[in-house]
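Next, two complexes with subunit A in common: one pairs it with subunit B, the other with subunit C.
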Partner chain A sequence: MESELANPKANQARRKLNVGPRSRGDRVFFGITSLAANFAFVLVALILVFLMVSAWPALQSQGLAFIYGSTWVADEGAEPIMQLGPMIWGSIQIAFIGILLGTPMAVATAYLIVFMLPSRAAKVATTVVDLMAALPSVVIGLWGLIVFTPVAAHWAQILNQTLGWFPVFAIEGEQPTYVDSPFIAGWIVAVMIVPIITSVTREIFSQMDSGLINGALALGAGRWAVLSRVILPTSRGGILGGVLLGLGRAIGETVAILYVLQLSFDINWYQILEPRGGAVASFILARFGEATPLEFQGLMAAGLVIFVVTLIVNTIASLIVNRSTRRVK
Partner chain B sequence: MSQTLSRPKVQPWSQSSVASVRPLILASVLPAVFAALVGLLANLDFSVALLVIFVPLQALAAGFVGFKTYGKRGLKDAVLIFVTIFFSMMVMVLLTSVLVSVAVAGFSAMSPQFLSQNNVYVSPTTSLEYGGVGHAILGTLLIVILTTIAAVPLGIAMAVFLTQSNAKHKGIVRTVTQALSGLPSVVSGLFILAIMGFVGIERSGLTGALALFPLMLPTVARVAEESLRLVPSDLRLAALALGAPNYKAFFQVILPAAKSGIITALLLGLARIIGETAPLILTINANNSTNLNPFAEGIATLPTYIYGFLSSGYSTSQARAWGAALVLLLLVALLFGAARIMTRQKSLKTKSTKKAK
Partner chain C sequence: MTNSTPSASTLSAEDISVWFGERQVLSNVNLVFPANQVTALIGPSGCGKSTFLRTLNRMHELIPGAGLAGSVLLDGVDIYAPEVSPVDVRINIGMVFQKPNPFPTMSIRENILSGLKLSGRKTANADELVETSLRRASIWNEVKDRLNDQALSLSGGQQQRLCIARSLAMDPKVLLMDEPCSALDPGSTRRIEETIEELSESMTVVIVTHNMQQAQRVSHQTAFFLADENTPGGVVEFGSTEQVFNTPVDPRTNDYVNGHFG
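Right after this comes the complex of A and B.
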């Protein structure tokens, strides 16, 4: 006893708290779980490596023109020219239209659910939005082709006839059909991304500090003032994260767009009512069936492009969403 | 969850009378009536009448009533309420349109033999009395179950890592998992195709199941993590304090407490992949007959069945696609309903324990 009292440092060293797994069972348990967790990295690396190796010959032969060029000739026998430019531009265009249409709908729905509906109705609405997120994209495509396209073509006709002087809504060809356009594909993408943006925004709205809101109300602020001065400034980052998640989904959307869009290598910069457009993911699926081995490498390269882009967009999005939910908490 | 923004009343003690509600009723009925009248008289298109006449009028009327009741502040509030309701209604209309058209068109294709028969000797123009989606239902279930066997244990292990361990790189793992949950489905299919090219595996049901695996894993991991997080840490700490090793604390205390949450993760993961089309088109050969061997030959699935019949463009083939879409949606709804019941039971349980305290 006395020696321990005389030498407190030695005592401290002996009684150091050990929090690591001690028993063999625990070591196995944590070993397995951390293996599983690291599998997330392994999976990303595997996807990158396999796509890159399969795509390498095509990327090497096409060079940078693969990204910006606009010719795709890959017939049997001839030297293939594979340039993805119009498809990449089309993906960006459609995602932009989808976000432009979808964000107001999604944010309004989240606002309605969190701040306007009584709690029981809010629960029902939340379930409905979640269900909407689970709608398979082939079903959306079926609906888009048969039910929505005629309606949207009608809207496109009205837009063209009233606002046709504006270059975005102009159509060059005679006797336009108004179908298969980036405009319709943008609407379909909006339907697919609204539930994602809504659920992220709803989460962030419902984690808002109610003290802030009640304080603003007590100071005499109305609904509009609370929204513009309290809710939006605190949740802006989170909403941006939700929009980015939606963007990732929009770029990766495949089947639904394939049905409602005319894929074309005649690049369509801004005339969104023309039946010419592009989408990288849909293009892969459309060409896959009849692809020659060389063209197949080009499609792999296209897959690599959307994988890298969506991985970057989604990582930024989840970083933003995580940070803003933590800060709001 | 919902915080109501109760609007401050001018006189909180005053009763609402007919006179005070009258402008509200007028403001919500008049613009609609006026827009309908003008639209009918001028023979305007419905969407034009809605957007050009009804929306501005309704916003104006709402703003006017808000202004009359609450002053300048009420004007902006009323317009905000109107805009919110308008955009949410758009979402509702789109969703209802999808669900109703699938239900109506799908129901007319539905019959007992549509659910039980397979697609042998059926061409796109064969009438609906012959053939069905029986083989596709079985194929979908088979492939989805194969994926589940691999993805659910791994996803749960990831969730355990994210909640129980004290490793330093948890944040990165979580971010990568979330980023993976946005993996485009066509990329997942191409990835498995690339592997198949190197290893030399033939297209079969198994490759389809593999192509769905990267899509299911992040969903399971995320939902399971959330449900494990809901288990009070007191339980785990108490088990550890009693001398239980971590793995016993997990299997005997945490897992039973989070059981319904784990099942929810399984169900939502299933709902995520059951309708995936692109990876299956890339990695599975179609098949018209029933095939329950996942290691050889093609397998039919509901999404690829829809895809195939919709691509051929005849009205009978479209009717088949609608029928299969209804079956697919019913499966998704079934999974969702089961998940809902699971989470409800959980919340009841936690409520009752709270009361007991």
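Right after this comes the complex of A and C.
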């Protein structure tokens, strides 16, 4: 008796609920939207397949040395040696410098926009920063070459003369020019990723619980204490996500870096003021025009490296941003 | 906590008027909050009592476009005087908010010490300060074995008492409370009311509340705020809690405390 009460109609058949598109118009609309939604996914998959197929012969002939070796000889006729090490290291190095320089700028900008500017000025500032993201990278590259390089070279000179005893800021050659270095390329990358990090950080900051900020102020906190002890600890996950999104762009950056960096297979581990560095994407662009068919395969393999790294970085970034946006709310 | 300490102060508001941009929301409020007394601020929503509370520790000036006239005296010293730092004001005049706001990235212990950290102060004996503050807010027994747990692991009522303890760690002379129980269940409310009674032995308390019974239970004196449509709010009646609730002079006070409007 009791079980019947608890579950009076255990054998009752469940009805099939019709949740799909009903009318013909609905079905057409559903078809178009799902096609569009899948298009990006299919495109990414196709590019990945294309890269893998084109890169496979080169990867097979070069083996793991493709990643860590530092010789690139691909002249007509001879068996090519294609080892991408210095370019991969250079990409990491420049991205790191860019993030180191760009993150404080971006966080400060976001703080200014959300917490200090009156709302009209904040809107203007937001638009200007977003416009920065829309600048074509060739424009940034030309600006970097013509306008920024002389300025940054001056900074590099000061760094070298005051902190030159520290290996990172040492220069080996005589009569240094202070240009074409990873240091300058890092600045250019910083300029390019500041809008991305700013916009993610701004979003996170604007969702901050104002109760926490008021609570801190009521305990006698100044602006800096509120930022460093309440706002940043609460939003650091989201900022990290923004930084990784910036990193995704930094790794894939091509044209702008090509203008301001001397590419070299003489690997430069840490002397960031020296005029030699690497960047995988820029290297592909630099070699592409005159590549032999065999070298072309090597360049495709290089493209595959960037593609996979960027995909991984961006995926992690999206996961972190999503999670911390939820938490802040 | 055996005897009442002399550290409580008298706070007085003289001719306080408040603007947001061009709109005046409070007009000529004169109130005195004597040492060791609990004062309740009551009145319908939108009459300016929370705004007034925020003028008492200079939280008001943080709102863009906020304006103020009149003065607030803490033991005779104007807290808005140019040489007075708002940081010192907020340390002397603590505040507890409507919604519990413990810092989510900090442990219970770190929350208690957060005021010191945030204002760049040091203490000789942090452990003792944590225990004393939590005891004064009557939450020590519930959290003494989990001081390093995250503050958000506490219930809403416990979080609010943690926030009270966090304010007490700064040893304020005055404690401002903005509807501290409105987000809490009756049990938590009762415990906080008991805490308020104990706190008045060592400090001056000003509490905004929408709960008439609460005002009667915890306060010595009551101020009734009212704002007519499109006019700034102000104090209609101010006196001992017993007088305001039992023999109100103004008929509007009588209507409000008896639940006829608001």
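Just a few scattered comments:
Everything that follows uses one rule, which is that the second predicted complex is superposed on the first by the 308 of 329 C-alpha atoms of A that agree within 3 Å, B and C clash if a C-alpha of one lies under 4 Å from a C-alpha of the other, contacts with A are read in each partner's own complex, and residues count from 1 in each chain.
Everything that follows uses one rule, which is that a contact is a pair of C-beta atoms (placed from the backbone, for glycine too) under 8 Å apart; a residue touches a chain by one contact, two chains touch by 3 or more.
In this text the structure is predicted, and so the values were computed from the model without any measurement.
Of the two partner chains, subunit C is the only one that A:211 touches; subunit B does not reach it. Of the two partner chains placed by the overlay, only subunit B lies in contact with A:34; subunit C stays clear of it.
By the document's definition of touching, of the two partners only subunit C reaches A:219; subunit B does not. When the two complexes are overlaid on their common chain A, residue A:177 makes contact with neither subunit B nor subunit C. Residue contacts after overlaying the shared chain place A:161 against neither subunit B nor subunit C. When subunit A is checked against subunit B and against subunit C, the one touching more of its residues turns out to be B. Of the two partner chains, subunit B and subunit C are each touched by A:118. After overlaying the two complexes on the shared chain, residue contacts for A:233 are found with subunit C alone; subunit B is out of touch. In the superposition on chain A, A:142 makes contact with subunit B only, while subunit C stays out of contact range. Of the two partner chains placed by the overlay, neither subunit B nor subunit C lies in contact with A:60. Within subunit A, the residues touched by subunit B in the first complex and by subunit C in the second are 118, 217, 220, 222, 225-226.
For subunit B in complex with subunit A, the residues that touch the partner chain are 1-8, 45, 47-48, 70, 73-74, 76-77, 79-81, 83-88, 90-91, 94-95, 97-98, 101-102, 105, 154, 157-158, 160-162, 164-167, 170-171, 173-188, 190-191, 193-195, 197-198, 214, 217-218, 221, 245-248, 250, 271-272, 274-278, 281-282, 303, 306-307, 310, 318, 321-322, 325, 328-329, 332-333, 336, 340. Against subunit B, the residues of subunit A that register as touching in their complex are 19, 21-23, 25-26, 28-30, 32-41, 43-44, 46-47, 50-51, 53-54, 104-109, 111-119, 122-123, 126-132, 134-143, 145-148, 154-155, 158, 191, 194, 198, 206, 208, 210, 213, 217, 220, 222-227, 245, 248-249, 251-255, 259, 281, 284-285, 288, 299-300, 303, 306-307, 310-311, 313-315, 317-319, 321-322. Residues 57, 59, 62, 64, 87-88, 90-91, 94-95, 97, 99, 101-106, 114-115, 117-120, 163, 166-167, 170 of subunit C are the ones that touch subunit A when the two sit in their complex. Those residues of subunit A that touch subunit C in the shared complex are 118, 209, 211-212, 214-222, 225-226, 229-230, 233-234.
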